[in-house]
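Two complexes come next, and they have one chain in common, chain A, joined by chain B in the first and chain C in the second.
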Partner chain A sequence: MNADGPVVNVHVLFFAKSRELANTPRSTVDVPTEITATELLDHLVSKFGLTSIRDNLILAHNESYIDNLSDRILFKEGDELAVIPPLSGG
Partner chain B sequence: MDHVKLVNDPIDIAHIHQLLADEGCGASSVFVGTTRDNFQGKKVLSLAYEAYDSMALKEMNKICSDLRSKWHDLKHIVIYHRLGTVPVCEASVVIAASSPHRSEALESVSFAIDQLKTRVPIWKKEIYEGDNNGEWKENKESIRPKKSKSGFNYAACPCKVEESHDVPRTLVQIRVNDAELTKRLECFVNRKRDEINSQNVVDFKSSFVSSDKDLSDSCARTQSTIIKQEQSNCHLKVRRVNNRCGPQQMEMRPNYELELNKLMGSRDGQTDPTKEMRKSLPNSRLQAIESYMGLTTDNEENIFSRIKRVENRLLQLESISPEYKHFTKREPSSMEAAPPKKIRKKSYSVQELSAFIQKIKNVSEFI
Partner chain C sequence: MPVSVIDIHQLIAVRDISLKLFIGLSNATFITSRTMMESAVDSERTMLKREIADLRASLNQKEQCLRELEDSVSFATRSAQEVVGNDLESPGGTVHTKLTNDDIARYSRQLILPDFGVQGQLKLKNSSVLIVGMGGLGCPAAQYLAAAGCGHLGLVDYDEVERSNFHRQILHSEDRCGMSKAESARIALNELNPHCEIHCHSRMLYPHNAMHIIRGYDVVLDCTDNVPTRYLLSDACVMLNKPLVSGSALKMDGQLTVYNYGNGPCYRCIFPVPPPPEAVTNCGDGGVLGAVTGTIGAMQALEAIKVIVGIGDVLAGRLLIFDGSSCVFRNIRIRSKRPNCHMCSAQPLITELINYEMFCGMHATDKNNPTLLISTDERLSVEEYHRKIQAKPHLLIDVRQTAEFEICQLPEAVNVPLVEILDDSYLKRLGKQLEDKELPVVLLCRRGNDSQIAVQHLRNRFPTHFVRDLIGGLHAWTSNIDPNFPIY
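Presenting the complex of A and B:
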């Protein structure tokens, strides 16, 4: 991750398998105000040791799914990120 | 009204029915998902649900508004999901809807459970017999990341059409429906057939048909042409087979007999039809038969008439006596002129018999 712009601190929530791998249900992370989803995912995966499930993860930003990993995301201080493995509700 | 809830206690179905009740509703549909005790042959000891609470409720509400936009008459919608440990055979999720008529209720509930499994961030972990770690289940309908495994960013690539591989440039793609395709094939087949037919005519047509006659009504087999009847005022087309080869056209073929005899005769390559040749022809077989039967031979005569004469002779002789052949005379004319008379039985009267006996007596007296 390149720190070529302002950086904000956001909350990260982990669920299911990702929580077991990260060893915590929530944490915080510094992210640039503008970043592509792929880079964000890579950063989270490397920081929290989620490599084994990387290809099945979806991210949610402020309770909305990030559908395309090529999307650019704009962060504000205190935003909420969630690491979401494949669902098994119902 | 929309009732969306995450609960930690057993779901109260009766309460949900109360939530659905409405005077204007004739139907309510309730889906209950319960926990199973087995998965792929493994026995489930316990299972537990966890959720991203705030987002789960948000997604469940989105489902409700989706339902209302698709099915306008829905009255009440209930989506309850249980979290934490759920014992086997208890309800983990209840989705219900009520509406004036049943189709909306039934369809909307079915849609809703599919949507829940796809979008709502809830996870289930199952612990199996003999396995302490447990397993996080994954719905096959669950949303998945869209990128490919290789991580390649297709969106960043400019679009370039590869034309150089696979399809040869000599091929053309035709996109038509089945009916059109069948029609085209049929037309092609017919055209090919006509082509072959006209080729046949050209290949097989006889030389004595004038080539500038219209051959469109001809095929190689009949060689038919249109001939207008002379002095006919009729405007109908008369079609006559102009077949110069058949036995019915004998008068048009004066040399027919000759040609036929040629066929019957020698194949030693002599093509000159002179009398000399005919004499030396080994119609000798027929000659032998004729002489044996006592008939005159005439090589000039039509071969069929000769054979016919022999046949007639045979029939005649057979009718006379089956052992005729031992008594055949070699003078045909006399034989023909005076065929042996049949012996007729004579019936005698009594007086004739008496006279006859008397004569014999008289004769015997002399001896």
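Presenting the complex of A and C:
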């Protein structure tokens, strides 16, 4: 992750399997104010041990799905990220 | 099967045990003998109860076979009539344009809802909904749809009712153990609302029958418990242009959305790649609270009613996430159709149903399939363990989660959950004992799958130790060694 430039602290919420892997329902993470979705995803995956579900999760920024991994995302202090893998039980 | 003869033999056996125990009772042995007798009676009681439950289940299965036979005969007759030119009334064939007095009395509380009204009730009465999976989600969903006056319900489930279903699958009952879940649900639903026409599809949904089954319905509910069927349903619903109300639940979590509705996405738009099998947990392994599946299932019924009646904002393009432990509902705005979706885009790459078990690399049931990581000759049967090792000094490690260990455990077993084996934190607790190379180490779990993973890990660390695991785990212990040991 590019460490140059301003950095903000954002909340991360984990759901379902990601909560088990990260071993916590919520955490915080420092991210650059501007970052591509791929870089963000890779950072979260390595910091919270999410390798096994990297390609099968919804990443939401302030309750909006991040459509495209090549998108650039702009962060403000206190923004919220949610990591949502699919549930399949019933 | 001569049921009564078996029961009588068993009763005589119980009486024999009691007599033997009574004869020759001296004062000194009275208490011990009475305890022995009580335990003999207890185990006899458990055995009889289990056998009665098994017999009842097989009776229900036989009745199910009979019903299926009669259904297929009547289907053949009806098909023959159709060939001759007689009208065959297909589900939803008759269009109702008026409510009966009974309808008005029965549905009065929803009829007076301004947005719903008579037109809404008529739309429901003329609608047909297919519910795939009559489990924790399907039961409450079907219950609310039938009760609300949905005219036709199709119920798909290949499975049979068993005791571990009751805590969440609230349409089934004790006396319908062994019956097909679809049939059991039909009986319960018709008690609730005899006007609802119910068609049971007591079989698995496959690529070769899915289109045929789904075609006749207006809306489909995904109440299944596995990933391959979720992709199958989504693809089939895209091809047939049916809205898919998709619910799922595990542990204390639930998810809900409506796929393939308006400009909303399909399942593949959101999850183009299936998760790896090891990242998927089913309710049988992860557990689930009935009130959580109930919450999601009831909301699936609500979304289906909104789709049919055309009221409110349908949950399409949004994903509802329910965290039961903190009781927080979140709505995540998900994407509209993915422009390059392999299934629902203008130029789809997939134009017919595929092999979904192969695509996902897992089975389309929540039944556990035995893992084979270690060859059988390097493992122990429960009999071998019981005969050769149990009485000798050894280290017995139960690798189940603590909550499961608390349900039941073998004497002498130490609980070290699999995660603590894999992250080596067990070394702190057992390091001393494991210094002794002569001490046999036996690992066990519920069914003999996780114990193999643990063996592989321990063997890498202690290559010269005797490390084995129990084939079939505690389930095998109950069936082959101790029938009184509980099964979950």
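Here is the rule we use: the second predicted complex is superposed on the first by the 86 of 90 C-alpha atoms of A that agree within 3 Å, B and C clash if a C-alpha of one lies under 4 Å from a C-alpha of the other, contacts with A are read in each partner's own complex, and residues count from 1 in each chain.
Throughout what follows, a residue touches a chain if its C-beta (ideal position, glycine included) is under 8 Å from a C-beta of that chain, and two chains touch if they have at least 3 such contacts.
No experiment lies behind these values; they were computed from the predicted model shown.
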Exercise. Chain A superposed: clash or fit between chain B and chain C?
Worked result: clash
For this session: For A:69, select first, second, both or neither according to whether it touches chain B, chain C, the two together, or no partner.
Result: first
Exercise. So, A:52: does it touch chain B (first), chain C (second), both, or neither?
Worked result: second
Exercise. Regarding the shared-chain residue A:86, is it in contact with chain B (first), chain C (second), both, or neither?
Worked result: both
Exercise. When the two structures are overlaid on chain A, which partner does A:24 contact: first (chain B), second (chain C), both, or neither?
Worked result: neither
For this session: Would you check which partner chain A:9 touches, where first means chain B only, second means chain C only, and both and neither mean what they say?
Result: neither
Exercise. Touching A:38, do we find chain B (first), chain C (second), both, or neither?
Worked result: first
Exercise. Clash with chain C: which of chain B's stretches 134-142, 170-178 or 314-322?
Worked result: 134-142
For this session: Under the contact definition given at the top, report the residues of chain A touching chain B in one complex and chain C in the other.
Result: 15-17, 55-56, 58, 60, 63, 65, 67, 82, 84-90
Seminar exercise, completed: Residue set of chain C touching chain A in the complex reads 133, 135-138, 223-227, 230, 247-251, 253-255, 270-271, 273-276, 278-283, 286, 288, 293, 319, 321, 323, 326, 330-335, 366
Problem set entry | chain A-facing residues of chain B, complex | 33, 49-52, 54-56, 58, 81, 92-93, 113, 116-125, 136-139, 142-147, 149, 151, 153, 155-156
For this session: Show which residues of chain A lie in contact with chain C when the two form their complex.
Result: 15-17, 25, 52-53, 55-56, 58, 60, 63-65, 67, 82, 84-90
Exercise. In the complex of these two chains, what residues of chain A are touching chain B?
Worked result: 13, 15-17, 38, 55-58, 60, 63, 65, 67-70, 82, 84-90
